[in-house]
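Look for subunit A in each of the two complexes below; its partner is subunit B in the first and subunit C in the second.
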Partner chain A sequence: MDNNMINKTMKKSFGKSLLYTLPMFLVTFVLISGGKPDFSNLPAALAMMVTFLFMNVLYFMMHYTGKTDKFRAILFIIFALSLSFTLINNMIEMRHSMSFSQADVLECKIPFCHLVIPMMIIPAAFTKSIIFPGSIIGGFADISSMVVLWLVATLVLGRGFCAWGCFYGGWDDGFSRFRKKSAIKKISESWRWMPFAVLFMVALTAAMTLGPTYCDWICPFKAVTEFEQISSIESVAKAVVFISLFLSLVVVLPVLTKKRTQCSFLCPMGAVNSLSNKITPFVVKIDKKVCSECFKCVQVCPLFALSKEDVKNGKASVFCSKCGKCVDVCSKNAIHFGIKGVPAGTMKNFSRNLFLFVSFLFISVFSAGSIINAVQSIFKLIF
Partner chain B sequence: MTDSFILGLSSGSACVATCGIVMFPYLMAGSAGVRRITTDLLLFFMTRLIIYFLLATLSWNFGQALFMNPVVRSIVPGVLYIVFAVMLIWYSIDRNRKKECPARLVAAIDNRRLVPLFLGVVNSLGFCPALFIILTKGATESTLLQSYETFFAFFIGSAFWFLPLPLAGKIKKKKVLETIGILATGLAGIIFIIKGITSLIGGLING
Partner chain C sequence: MKKLKIITGITWAFAGLVLMFILFPGMNNMSRSASKLPFMKINPNYTGGVVAKEIVEASCTLDIRRPVFDGLIKERKTGFVQIDWRGAVPDNIVDTIDYDLDEIPDFVITIDRIKPVTSINAVNSKVLDVGVSTPTSYGWAVRVNLRK
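Presenting the complex of A and B:
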């Protein structure tokens, strides 16, 4: 009966869902294909069409079923896997190895990722130089385009970037879905401030050493992207840190806790995005009049963004990534996507439709290149 | 100097969280304005700095006397770094930690003018894992000047947290800042564990 309540509120008819999908269909077609699909290269055109249709089916399903998280997660996880695949593929083509040498560093050939941004700010302000050995404009994953993309996304989505844009988040999101029940349930809420401590230390050490310390010493995703060539005891130590952090925070703990532990306890970008959550128009609201305080939303939140107190106060904390898991699990439909300034419990459908359009458009366009590349490679393998 | 500054900056928050509650009312009690608060804070900082320089002198001379052999000079501090860094991490994650500060003894002081000086002494001699790490570092520096620099960097880092004390009443989310600071202390501990392991491996290879 409870599920019927959700369906009545959020679920749309087949026709209405198609109608809601049409604008996404047109916009993604233009943005992914550039408006003029090139059919001269058949595998590339086929990969583009498959990706494009797949994305729009997911968007249609979000409207048709009234569920958000399940379909978001499918795209999000595929994005993470395909990006790692594309990145590794590119590096093997360019350098014949996943590791980079000192020559690559000196020639600024290291692909940039958004996790470096918090470390760049202080050194850039004082020395007018960028502490990352990547290409500023042009080339694969250049600094300027990544900074602009992240800035736009974080201003619009806030920490929503962590659930709708981050190409690493899909890894621990995926592993957190492996088990039906969590093996570790009691985790102190204090730990959710850890990314701020990491951000503080990383920004400080980067400013004092003028080097990207997080990438040099901590980033767990080095294990699935690129890493420093093993040439000294220091590089061995770094590789051990990368692999152990990846295994513990991205694989083992998410499986045991059903939480995104890397995003919750380590990522300094998560801390920055949490701060930007304060200025974004989209929020997750709780209608206190309808809420039965069952606290299922607290249990399922993958980022510790909801505590019992938050529920009683009627709003998610700054850690919320707007993944929609709590919205989907709420049997009373009390928790919902909202817009700042609009009272909780009102304009639920409008807010959800608007948020879904913006966030899904972002992840579709952002992920399309990597997914098309991965699909194309699969086609090459099969045929 | 960088790591000493970082250690001071990260552990200073925990220091304020523990001792600030005791120190703040005494430093600020009866003060009529900014001038009095500034004088009291300056006296407090000056006393701390003097004590740190004394500790720098002592630890360096101690190091010179004890760590004559270059292998011992790498292995012993390496082990000490690891032990104190583990203590520091434990200190940051231990939820049952008792917030006790020797500054409580200030109640025994009659002369109010002596309070900032007394607080400066007990605060700098409140032996916590972070100070043990700095003492180890001071003992292993090559020159006395470098040992002073180490303690000075630690002093500057930790002093940052005491500067907003006069505004403590107006700072919102103190608890959150305290939590972040304490977690950062744990991370600083990890840096010193790596430093300790490096020193230990260096000593073992040379030995």
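Presenting the complex of A and C:
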């Protein structure tokens, strides 16, 4: 691949990259430390500083190298790992187990995650209540905070949430990078509609049963967060389903296909975020005048968001998560981050800089708590 | 028209930037406001419903909750009633429950917390069986399945 073209247009000098990083440096410092870092707890302050500096180095590298996906993925994968680590650590400390009991459900003590949102919409409209045994406000991962976080993120980033915010996506993103070449190459792009089928099914069953059916029966990420206590045949069946789905869709298939198969085929939230891609200001555009139709972008897209037809039409489909993989691989610099309404091929640097600032700000502040916690635990283990 | 599209797009993108700036500092206020929305309460199928009657016993308090038959549009044919024992709950519980508050006992519940075994002796034909019986942070909770 001819990287020179990318370097010529997107790469910035060392000084200019520093200048572009300075606002992120200041904003993340204020937001992560709360404006007044607490140095009375030295390990915590040290973990905060390490996390903060590491994030800003990644942001600097995005500007300096002109590459996006590589540095985004590092933070994204670390976020997924550290969140699972933090969550499991909390569960073990509080309950001495990764499983939750009937009492935890009865007392509404289950942490809420964004994957429940597609299922709670119809019941909320009809019953004026939330069909999840969590806390409305206060406590760990409350419903109100998660809804606000997701709502703002999906409004601004659309399906970008799946590459810049989802604390599960890093798992299959990570496994999809294990091999240099994919072992399974031919996968029909019609599979990308599968999350809509899953969304329809879980929204309907959740409305019928007034229970979060995806969380109860399907969610593969229970393998790395928490799951129902094994106490009946039903709970055994549930465990078999989520472990099988985790191994197949999050581990094995991403390794073999180099695609984020769980996100592409199963996640109902991905379908909802695809719909919000219609209103978000940031898009991935293709300058048809420059595009040589080599279709490397189609090959590397981890979410089947680019087909040959999409490339010929000059824009990524609604499935695009704006991860930047296609942008990085394009030797002609024809594919780029853009802003809705701005013609393809124009204002490339401005659009990229603005998008990177917004999306990186979100992931860095959102992930900071989990990463700091994980770094602090590592410090405790070492020292 | 083209210029208007460009200006609108860029304005929307900057609005996104502003939204992201205020998201985390304003998180507490925004989530507090969101929690006051009319649908922001947990469904009775999870909370167990509101407490209909509170009986103070020697060492603990017995809460009989409103029977829950809540469905999506109308009430379901089957549901449950949740009973909570709060405080210093004895190892062996035997209580007579009148869940519909008609002054006629509906079932007698027996709980051996040590084994743990829970059984009911139904008086009312609408009482089906024991759904959940579990220790909780406040004592003990039981859900008895009911027919409407």
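What to note about this one:
Here is the rule we go by: the second predicted complex is superposed on the first by the 382 of 383 C-alpha atoms of A that agree within 3 Å, B and C clash if a C-alpha of one lies under 4 Å from a C-alpha of the other, contacts with A are read in each partner's own complex, and residues count from 1 in each chain.
FYI, a contact is a pair of C-beta atoms (placed from the backbone, for glycine too) under 8 Å apart; a residue touches a chain by one contact, two chains touch by 3 or more.
Everything numeric here is computed off the predicted structure, so don't read it as measured data.
With the two structures aligned on subunit A, subunit B fits next to subunit C without clashing. Shared-chain residue A:Leu361: touches subunit C; no touch with subunit B.
Contact with neither subunit B nor subunit C is seen for A:Leu249 once the two complexes are overlaid on the shared chain. Once chain A of one complex is fitted onto chain A of the other, the partner contacts of A:Ser145 are limited to subunit C, with no touch recorded for subunit B.
Here subunit B and subunit C are compared by how many residues of subunit A each touches, and C touches more. Rounded in steps of 10, the angle subunit B-subunit A-subunit C defined by Cα centres in the superposition reads 60°. Within the superposed three-chain model, A:Met208 lies in touch with subunit B and with subunit C [touch as defined at top]. When the two structures are aligned on the shared chain, A:Val375 is found in touch with neither subunit B nor subunit C.
In the superposed model, A:Ser190 makes contact with subunit B only, not with subunit C.
When the two complexes are overlaid on their common chain A, residue A:Ala47 makes contact with neither subunit B nor subunit C.
After overlaying the two complexes on the shared chain, residue contacts for A:Ala237 are found with subunit B alone; subunit C is out of touch.
Minimum C-alpha separation, subunit B to subunit C, in the superposed model: 12 Å. In the superposition on chain A, the residues of subunit A contacted by subunit B and by subunit C overlap at 208. Contact residues of subunit A toward subunit C in the complex are 27, 31, 101-103, 105-108, 122-134, 136-137, 142-145, 147-149, 152-153, 155-157, 207-208, 210-211, 280-282, 339-343, 351, 354-355, 357-358, 361-362, 365-366.
Within the complex formed with subunit A, the residues of subunit C that make contact are 2, 5-10, 12-17, 19-21, 23-25, 27, 30-32, 34-35, 38-48, 70-73, 82, 132, 134-138, 141, 143.
Against subunit A, the residues of subunit B that register as touching in their complex are 2, 5-6, 9-10, 95, 176, 179-181, 183-184, 186-188, 194, 201. Per the touch definition, subunit A reaches subunit B in the complex via residues 188, 190-191, 193-194, 196-198, 200-201, 204-205, 208-209, 233, 237.
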